[in-house]
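Mind having a look at this structure? Questions to follow.
When the chains are written out, they are named A, B, C, D and E in that same order, and each has its own residue count from 1.
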Amino acid sequence: MWWITLIEIAVFPIVAILLGLLLLGIDRKVAARMQRRVGPPILQPFYDVRKLFIKDTVIPKKSTWIFDFMPLLSVVSLFIIILYLPFMGLSPVLHGDMVFILYLLILPSLAKVLGGISSGSPYAAVGSQREITNMMGYEFPLVTIIFFMSWKLFSFGVAKPFSVASFTSGVMWAGLGTLGIAGALLLLFVMLLVIAGELSRPPFDVSSAGEEIAGGITAEYSGRNLGLFYIADALKLIVLTTLVVVLFFPFGISGFLGIGGWFALIADSIFYFIKVLLLMIFSETVLKTSVSRLKVTQLVNAYWGSLLMLSLLGIFIIFIDMVLS
Amino acid sequence: MQIVFILSMAVIATGMYACISSRNIIKIIIGLGIANYGVNLFLVQLGYKAGAIAPIFTHAQSLPMVLPTPQALTLTNIVISFATTALMLSVSLFIHKKTGSLDIKEVGGLKE
Amino acid sequence: METYAGFWHVEWFLTAFIILFFITWLIKSLGDKKYKSGIQEDIFLSGHQEKEYSDYIGSENLYWGFKESLRRYYSLMKKMHNGIISEYIFWFYISILIVLTFITFGVI
Amino acid sequence: MRKEFSKPMVKSIWIFEWINSCGFSEVLPLDSSKFDMERFGIKAVSSPRHADCLLIGGYQTLKSIEIAKRIYEQMPEPKCVIALGSCPISGGMYWDSYNTVKKVDKYIPVDLWILGCPPRPEAIIDGIISLVNAINGGKND
Amino acid sequence: MTGLLMHLPAISIALPLFSAFLFQLLGRHKKAKHILAISSITVLELMLILQLFHVASAGNSIYVFGSETPVVQLPSSYGIPIRISFQVDMFNAFLSVLTSSVMLLVIIFSLNSLKEDVGKFYVILMLMLTGMLGLLFTNDLFNLFVFLEILSLSTGIMVMYKANKFSVEAGFKYLVISSLSGLLFLLGVGFIYAQYGMLNISVLASIISIGLIEKIALGFMVVSLFLKSGIAPMHMWLPDAYGEAPEYSVLGVAMATLTCSYAFIRLLFVFSVGELGTLLILGGLLSAIIGSTMSLIQKNVNRLFGYLALAEIGFIVTAIGCGLISTESNLVFSTVSGGLFHMLNDVIDLGILFFISGIAIRIKNSKELDNLSGFGDNKILAVFFILAMFAVSGIPPMNGFLSKLIIYESTFAVSPLIPIILMISSIIILSSLVKVFYSIFNGKSNKKVPLNMMVVLFAAVIAMLVITLFPDAVINNLIKPVTDALITKSEYRSIVGV
């Protein structure tokens, strides 16, 4: 059976790229619609990537060899995360646990930072140290939520509380009173903001701030390197929304509709696509069109201060609910 | 027996207080020395028996003898504290040559 | 490798890494590689022609944002690590008191 | 020689604006909901490395044309230049002052002239569309 | 052959001492001194590896000084162990191999950066090694104090080796701290001696009943060892010492700190004092937080790595603390094995970082981060640094990630707050390492890296890759027996049949 996994290892990433770019297109379209603009065609990201791959790839004189290697590493690490998450509603191709995925989520932005640093341009250096500050920021609430949920699994007596498979058993909503559901919704709200932070979307896009530091991290990237970063951004969108799906809405639709075999597969993947789409819209398209950029200090205060307090509040509410019931 | 124990604790306490309250390096070293003497005093009085003689076996009278091991411990500790104090004094000499003062504020060059 | 509450398989990670590295390298090789050297390779400094510039940001002001937002914590740390040896010994005495109270009153 | 624009470039053109004076107030509404340039895949970009088109607007002095030339040099190869308004064409209102550059074409190869001082947003959009049709129609120069 | 094996613990102390003495006789020809140093350390390391395999197969071995046959039931009328004895079990055999290989790498690393005072440097290094090996093997409380003092004095001098204004100050602080800690350790030993009249650890462990006096005595002993291994509130001397020690022998000073942490881990587990677990966790978390946040704002590269070492000690101590608290045997085993496995990984990863910073400082001869740039075009160094950065901050698949995975997933059963704080501090460690990467691998200057430094770096990286690629092999036949040796105290206690 291992050769099936090899095929899946090769096929899933390609599907993920297409899905990611499609989602980016829908995201830009919905954002435009919100501003009563016509907005680009849905397939615009595909045209962008195709155009980027045609253009020259300029390697600055002052940049080191890492500059050219890092876009590759960031896309590869995102591909690997996709294999460990239940992509398209199916069970994950490879079995890993949550701590591994949390740490692997650092790799893409770390690769981007290393590339930005070694590109030799001061804009990119400022952008990359802002990106690291952003990363240090959003890790706190993210780690708190995930460790709380695995601790909850542990208190339910699950054998391997950290493995992704045990997460898909719907730990979030199991055995929750009304109070618990309020707490869980609070955690979902915090998670959506953290997702927007990880994708460095407008309220938190200090690292690729167009106006202040011309182009941010990718100031010196052009042509196919920039195309790879564009694909990495799309993949990150897929990975993060799938992570939220795993944490909060892991249940499939086929069981509900009671259809089996191939149709179940298709129904599940469509339901998964809808879930991912809604999550993306509520998490970052709404934020993109409504909130302007934060300063770097406000960013860290937002994560370590208010968002963390919100997540602790949510955890506390759920804890009370568990104690009461 | 209790008195010597409390006295040695007092000596150790004064030595340790001297370390934190003094502003001069030499005084810190002296404080450490005093604390060492306190510990030695404490160690020696552990083996004490009333009316016993020094534990020297060569043609000793047949009287009860004091316990020898704590005295061995004290001897070693004296030697070690001697070596450490000598080293620290030579280092403070070197510090004075380099920084021109023995005050811990000036010497404290390595900030956060 | 089995841990208390999870597991970690190196071999699957490495095979996935190698295969996907090859696939990404293929994707990257679709793009165009050649470019015109000369001015095009200089760093974009909003068009200014700097003869000799140091593009290096001193290690003092890296992570300014993080330091700025944790200003109170870092000022506390500056006071704590102020290089005076009697302060360090004072902290040692505090820890002795804490440990002794912890160990005598058996506070688990 | 310059690499020629090819067909896939047309659907997504990223412009880098180098606009000195009045031109910018006209380019700004292009992102607005009335004249949405994004529906043609045109996006304003902040670094010449990412850009395809250099939008030169407003009168160029001898110093600023130096910088514009450098930016043009730093753009990756298949690139085009759009001159915005009458100032780049003939120095516009300041044609008789000593330091304005009368004809930008002498310094940077310009592909598209958009007339008007400053040209209205519709004129800018129409100019870019004609550039797109020109490329589609195969006439590259 | 078995005769040699019996005497191994004694030889492992005698050999460095004897070679330290020999250096003075060799006078001025440097070449002979280099050869003597390398040969004596390699011989020592081979013997220790031999001993590791012997202990792995035949269980603990004890060596009694001064009695007829080296391994004998302790004589005397009714069995009071009055002789000093060394006990070698899996835990300290493994650490002794680690220590001697670190010292070997330090010697090879500093071959060509020593100008003329070669003999002095090797004497100090050998004394440090004697202190460390003695601290590891000793089975006698007072003997532990004596070796602690030897180690402190020689490491203090090593920190002062460069004899400039700052290193002398750092060395002085190190000496004051060590003598204070030795003093209080002796006070604790005195209390124990007052109560039981004997000093042998394994015998004491079997007959001790933890009352008030024993608690105070253990409290004093353990606090002074906390101070020596730089746990949180008492850690200020550690970055000074690492920042100012000569760049080629910083890893030796780091190894000295880890050996002191071995000492208090051994004491806590042998005397099974459970109360201190919470304190260890608090101290570990505090040092993880302080270590990582303070390393962000440093300007001196070795001082920055000093704060990283502090954070890594925080990880180890938290894991050991959780092991002390928890009761369920499976949890105790996985937390302690996580801590020890992290000790091994931490030594290797920090070793690579210190070697790379040593190379950078040696070529640019300045410790400030701002003028270390110029290694942009050196591909090998950049790859090694990135691998070490992934390892220290625990990014998969590197070896740091393995031990941190075990630590997170076992300490979280004690309380979920612990892994959250540890994970945040390891992210901050990553960002301070990115800052170092930015300073070092920036410009282009084709300076040649000396060969011996590259050889040492290769050795450390190969060790890291071996652990990364074969985690199960390393854990099952190295970390598992070591943790068993530490946790199951029965064999450690019963070896000295009273």
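One rule holds in what follows: contacts are C-beta pairs under 8 Å (C-beta built on N, C-alpha and C of every residue); 3 or more make two chains touch, one makes a residue touch a chain.
The structure displayed is predicted, hence computed values, not measured ones.
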Task: Neighbouring chains shared between subunit A and subunit B, ordered by label - done: C, E
Task: Set of chains whose contacts include both subunit D and subunit C - done: A
- [ ] Could you pull out the chain whose C-alpha mean position is farthest off from that of subunit B?
- [x] D
- [ ] Would you mind telling me which chain pair, A-C or A-D, is linked by more contacting C-beta pairs?
- [x] A-C
TODO: Give the identifier of the chain nearest to the protein's overall CA centre, each chain being represented by its own CA mean.
DONE: C
TODO: Let me have the rounded angstrom distance from the C-alpha centre of subunit B over to the C-alpha centre of subunit D, please.
DONE: 84
TODO: Would you kindly tell me how far, in whole Å, the mean C-alpha position of subunit E lies from that of subunit B?
DONE: 28
TODO: Quick one: report the Å distance separating subunit C from subunit E, using the average Cα coordinate of each chain.
DONE: 24
- [ ] Using mean C-alpha positions as chain centres, tell me how far subunit B is from subunit C in Å, no decimals.
- [x] 44
Task: In subunit E, residues with contacts to at least two other chains - done: 172, 176, 180, 239-240, 294, 297, 396, 405, 409, 412-413, 431, 435, 438, 442-443
Open item on the list: Give the residues of subunit A touching no fewer than two other chains, as numbers and ranges.
Closed with: 54-58, 62, 97, 99-100, 120, 123, 125, 129, 132-133, 136, 150, 154, 162, 214-215, 219-220, 223
- [ ] Find every residue in subunit B that makes contact with two or more other chains and list them.
- [x] 16, 19, 28, 108-110, 112
Task: Interchain pairs in contact, sorted by label - done: A-C, A-D, A-E, B-C, B-E, C-D, C-E
TODO: Mind listing the subunit A positions that touch subunit D in their complex?
DONE: 28, 32, 35-41, 44, 47-48, 50-51, 54-58, 123, 210-211, 214-215, 218-223, 226
Open item on the list: Using the touch definition from the top, list the residues of subunit D that touch subunit A in their complex.
Closed with: 3, 6, 8-9, 11-12, 32-33, 36, 38-41, 45-47, 49-50, 52, 74, 76-78
- [ ] Spell out the residues on subunit C that touch subunit B in their complex, using ranges where they run on.
- [x] 77-78, 81-86, 89-90, 93
- [ ] In the complex, go through subunit E and note every residue touching subunit B.
- [x] 82, 142, 145-146, 149, 152-153, 156-157, 160, 163-166, 168-172, 175-176, 178-180, 182-183, 186-187, 189-190, 193-194, 197, 199, 239-240, 243-244, 294, 297
TODO: Under the touch definition given earlier, write down the residues of subunit C that touch subunit D in their complex.
DONE: 35-36, 38-40, 42, 44, 46-49
